[in-house]
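A, B, C and D label the chains in the order they appear, each numbered from 1.
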Amino acid sequence: MAVFDKREIGSVLAKQGILIAFALFMIAFTIANPKFISVDNVFSVVRSSAILGVMALGVTFVVISGNLDLSVGSMMSFSTIVVLDLHDKVGPALAIPLMFAMTLCLGAFIGFLVGYLRLNSLIVTLGMLSAIHGLTLTYSGGQNMDIADKEGTWFSVFGQGTALGIPVPILIFVALAALLGLTLARTPYGRKVYAVGGNGTAATFSGIRRARTVFTCYLISAGCVATAGLIQASRSLGSQNTVGQGLELEVLAAVILGGASLLGGSGTIFKTVIGVLILGFIQNGLLLVGLQFYVQFVVTWIIIILAVWLDIAAKRGKLWSMIA
Amino acid sequence: MQKVNLSVALKGGAIWGFIVLELLFFSIAGEYLSVSDKAFMDLENMLLLFKQSAPIGIIAMGMTIVMVNGNIDLSVGATFAIAAIILLDSMTWPIFAGLGDWVIPVAWLLALTVGTLLGALNGLIVWKTGVDAFIVTLGSMLGYRGIVFMFNGENPTSHLNWTLVDFAEAEFLGLATATWFLLGVTLVMWFVMARTVHGRNAYAIGDNREAAVNAGIRVGPHMMINFAIIGFLAALSAVVFYSESGSVNPNDGQLYELWVITAVVLGGTKITGGAGNVIGTFGGVIAIQLLRKGLGHIGADTSTVNLVIGLILIAVLFLDKQLNIKGKEELRV
Amino acid sequence: ESHGGAMKIGITQNNVGVDSYQTTYEKAFIEAAEGNDMVETIVLDAGGDVARQIAQMEDLIQQDVDAIIIWPTNGEAVIPAVRKAHQAGIPVIVTNSNIAEQGFDFVKSFSGPDNITQGARSAEIMCDKFKEMGIEDEAQVVHITGQPGYTTAIERAKGFEDRLPEVCPNVTVVDTQPGDWNREKSQQVMEAFLVKYDDIDGVYAGDDNMGVGALNAAKAAGRDGIIFVGATNFAVGYEAMAAGDYWGSIYQSPVDDAKAALQTAVDVLSGEEVPFLNYFDTPKITQDNMGDFTKPVF
Amino acid sequence: MTQPVLRLEDIVKTFPGVRALDGVSLSVMPGEVHALMGENGAGKSTLMKVLGGIHQPTEGAIYMGDEKVVMAGPLEAKAKGIVFIHQELSLAEELSVAENIYLGELPRKSFGRVDWATLTKKTDAILGKLNVGFDARTRVGDLSIANQQMVEIARALTVDAKAVIFDEPTASLTDAEKVVLFDVIADLKRDGVGVIYISHRMEEIFKITDRISILRDGQYQGTVNTAETTEEAVTQMMIGRKLDLSRNAAHHELGEVALEVKGLSCGKLYKDISFEIRRGEVVGFYGLVGAGRTEIAETLFGLRTPSAGQIRLAGKDVKIDSPTDAIAKGISLVPEDRKGQGLVLGMNCRDNMTLPQVDDLKSGPFMAEGAEVAIFDQYRDRLDIRTPGWKQKVGNLSGGNQQKIVIGKWLSMHPEVLIVDEPTRGIDVGSKSEIHKLLRELAAQGYAVMVISSEMPEVMHVSDRIVAMYSGRIMRTFTSEEVTEDSLIQAISGIGQEVA
């Protein structure tokens, strides 16, 4: 029978390369500027990461199911613009569910194309990136969208409020992460998502409805995008049509930084959250250190690659042998 | 048997059918909607089409081999910008002052070398760290863009050399310089991928990496060569284009990666690797340029253009899928 | 002039849809053209991509338009394409941001705002306010620029940074970061500035969208008394000014911009004399004089 | 005394948590066919991967002749004359047969061009020797699994090999192709090549090998001359006990008809198929590769749409439109391609096993992980699955143990109708007889069992009745009393009349 390695516990620890990377550069930034770790700053980073983070939670589902979603940035602009517009037209209480319904429709459309028609998700969502942008421009006439009465609306609570001393966006992010994390890790549905992404054919042979599973992943993603749009809209009570532009790649970077494989079948919500925090803290840390934005680009590049490499090395046990 | 041949022909031909469809549509719609008196399918307009396809097209040929290889390169837009800067900036360097117009080939060579090196650097990182190409190049898309800005801050880098412009604007046998480069690159890449051992190994690696490793193909260096090729081609694209325009903004080439990938996938290359060819990619590039040109021709506004381009991408994919369905007998998985 | 009387005018714009200024410009341009029976237009958008813009220039030349209006994505890169139009006998009018001097021989006229002056005026607005508050010798300013690489962003930044030391030599610009013309991005940048600097007296943003983003950050952090100055007065900026949160900006109307460009083209085609540099005025707007201006429509 | 071509000394190989090889020594003489035997997970493939440069040994040394060698990678191993025919197919599906056979060493012309003429000529020569029905230009993805296996085997003939390793080459071959393979091996032997042959099929081992080395749990058990030993002795060395190979002949009472198929057709794949399986009955389907048996199974499992005919379950006409539907109606299918269809390789053992019933194993909204582990433990014991624990990724298990996971997965569904397609592919003798026994037991408990197999002894061993298929049609149905090897071979070759 197979013998258990005595160093197993050590090696399990050593496998968490991404956490080690995270810890290392938190320390480095704190040394460079002690304000980095101040409560104010941490809250500020997490709060502004919440939007990216909420989107990344949904995209984690999509990526684990073996697909991509490049339309989330564009879709987030759409939700933001729509909810702001409806806020003044029908009032916030109705605007929010309406916006969610519209965003979910977009998600359902993508889910239908990728899940049921089995079209390639990269191209479908790239196409939707462009199409939804067009839709947003048509909807808004290309104009900024602003709430008329910014002081007197309770709508600002999602982006600007606090509860128990914690900013609401952070609470939403944490709650959603917990909910989706449990769904993914502990429920039959989560198991199906992993199976479909790991080997879609085998999943089908096991009686899992592959199309439906993929479809729901896109619905979840759209739901997260709508939530992000809500926070965004509520945070600034006004927005441009391009507010989410380019976020798709940042979101994907966060998900993959967290260790999800683009091939599907692996990744966890917890690690995505770490990925989101890493990205958020890198951006903020480099700002605090006061580097030019273009030096930040270069440094971000190096940090991303080092972090992922560290993670891979750790999983292969190389890191452990380097230390031990 | 004949039916089989037909379906095989259709299978590879979805993109060409789509191009015909586009031509028909824009010609007819143009009659009613266009302000211009000129027909869409005017010969000159079609020749322009090839020329205008060059910037994306040349890079797409490199992306084809990289994607067949099972990788992807998101940093091509930034490499494109860096090469352009080197091209234009180096012509003003004091050490080359004595060269006169001979500075042009030197600048070309420098730009191409830098592009190749940047590509190779991506390849080296992929090879040595084992990090997925998607992340490596997502990172260098940022990093290389940072390097672009380091050259000249936020300012454009410019050097208008009219000799160079005249060369780039010249026509030979009725085709513009850029068109010749696009055709040449397509031909060479076709040769590399279909005829050489390196090209065939690219397919093998993309198809079944483990099998390739087991068969003793040195996968790491092989992939690095392909990244160097795409770096070279991104630089070549920049060299061809900026010879004619003489100035580069630090954010030029942004989103090129997405357009290039779109063209390649429309042309039938599998995202997971192992299948695809440059002729299909050529079709994909032409289809995209036609779409842009045609929508301008019939006077669509920006929001419509965005909407239509997006939906058409999806429609092509759908068409392709329908043509590839083998029939009712197929296993439903 | 010969084609059934109508003038065919083609325009290739920079990047419509990226902000409401450009969108409003496009709308106003189309409206103005529709209001003029003598004009037919082909409206194109380069999506911020030089290569696409040059292709559009070629397309317009190939379609034999009577005049071309260009909003350059890059003031130098388009020169050879402009030369081509010139050689084909098509007059070219540059709009909004000018092309480089080397290309002046090939264009008929430029119509648009003067961004360097705008930057300088913003510096003056800020300096005046500091003097009024009596902090002109100690004030610290942070600067949020537009999307890196854009002519407009570069020129405004240059105008501001050159002029500020002239009028307020003791005010220091402690940090500069781009906000990409984006409210959210600017808000994030400002959040970091607020953590980093305990004392910020003024914020200059390359446009009001970013200015309001920065304002939101300051409000959320509870930091009062900061003087916000922007440019391109957007509706949000105007409102924030009305609310007393935002100090000043530069009034610039995309409708005027678009109309001026079209009129210049029509004038050129009708054989009228037009000045080569056709700047339209972009006045200062602050809480003090905002009553003189209508609220921007964008 | 001649020198061995290859000598392995005290090889140890550990993976995280697993000591796969524990001091194995072995030598292979020129012109010898050396069998390597052991239970699933004993370490055979791992040992060969060490030899082929794919894994580096943790300890120990490899000698070729007198020289100590290091196989730094597959390329080095190949350069030293070691050819490795893998257990798991290792082909690039989009490429042609020729390119696959010469993968990594395509002949070159000037400018790095592929020398297609030479390539095709050489390949056709090899394919001619192998007597297969496809040519050099065929796309490998279009070949059946068996033919893909032949492509793998063809690789052995491309280089001047010193040693050739065959890791379960016959797992998916039928008898005709096996004959060809054995000819190839005989040729290699004549040329003085050392052949290492891994298989779980005793009759092959005793037919073609000279010596047998045995592994158990990664430990070397010894080497015996094939001529001087018996199946029983080898089995005992492998599993450490005697094996009861007698057929569980007890006929049990047959119940009512569980599955009835009438006039089922599916395009060109198969035509006019009718049969019935009663509760308590095991019906074997035997035929050549491509006879269409798998396709029938897939149709019954809702993966294909029949073009004509009826399916009746327990006397009721049913339409099965998806595997989900099939499972709900009490059908289970153990598919023939475990890697592609049977398993999610990146998932752990437990999760793979409970995959079809995730919706039923809930406590509240969550998975009942305890119940899952219980199911896993039950079938691990029953099928003797060797794994360090349920957390192990299935992809890290040995081939045979992977197959057992698939079987366990479908047994745990307690189906009314159990369809197994090539159930013992790659399974060691001990477990194989366990599985056979299990199939009989299941029948005895009232299950209806359909067994598709390309191994004649297997079908004859487990079936109450045997359906012989040829080219998409049922040629004849035998009862276990009347069936003989000859009549069966006749029926599946298309000779003999149709008895539906």
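By definition in this document, a contact is a pair of C-beta atoms (placed from the backbone, for glycine too) under 8 Å apart; a residue touches a chain by one contact, two chains touch by 3 or more.
The structure displayed is predicted, hence computed values, not measured ones.
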| item | value |
| --- | --- |
| Chain pair with more C-beta contacts, B-C versus A-C | B-C |
| Centroid spacing, where centroids are CA-atom means, of subunit B and subunit C in whole angstrom | 33 |
| Subunit A and subunit B: spacing of chain centres that average the CA atoms, whole Å | 30 |
| Interchain centroid distance [CA atoms averaged], subunit B/subunit D, Å | 44 |
| Two or more partner chains touched - positions in subunit C | 16-17, 23, 26, 148, 178 |
| Sequence positions of subunit A contacting 2 or more other chains | 133, 137, 142, 201, 204-205, 293-294 |
| Contacts with 2+ other chains: residues of subunit B | 149, 302-303, 305-306, 332-333 |
| Interchain contacts (touch definition) - all pairs | A-B, A-C, A-D, B-C, B-D |
| Subunit D partner contacts - residues on subunit A that touch it in the complex | 1-5, 8, 11, 182, 186-188, 191-192, 194-195, 198-199, 201-209, 265-266, 317 |
| Residues of subunit A defined as touching subunit C within the complex | 33, 35, 38, 40-41, 44, 48, 51, 133, 137, 141-144, 146, 150, 160, 232, 235-236, 238-243, 245, 283-284, 287-288, 290, 293-294 |
| Partner subunit D, residues of subunit B touching it in the complex | 195-198, 200-201, 203-204, 207-208, 210-218, 274-275, 327-333 |
| Subunit B contact footprint on subunit C (complex, rising order) | 3, 8, 16-17, 23, 26, 30, 40-45, 48-52, 54-56, 58-59, 62-65, 73-81, 84, 100, 102, 145, 147-151, 153-154, 157, 178 |
| Residues on subunit B engaged by subunit A in the complex (per definition of touch) | 74, 125, 129-132, 134-136, 138-140, 142-150, 258, 261-262, 265-266, 271-272, 302-314, 317-318, 321, 332-333 |
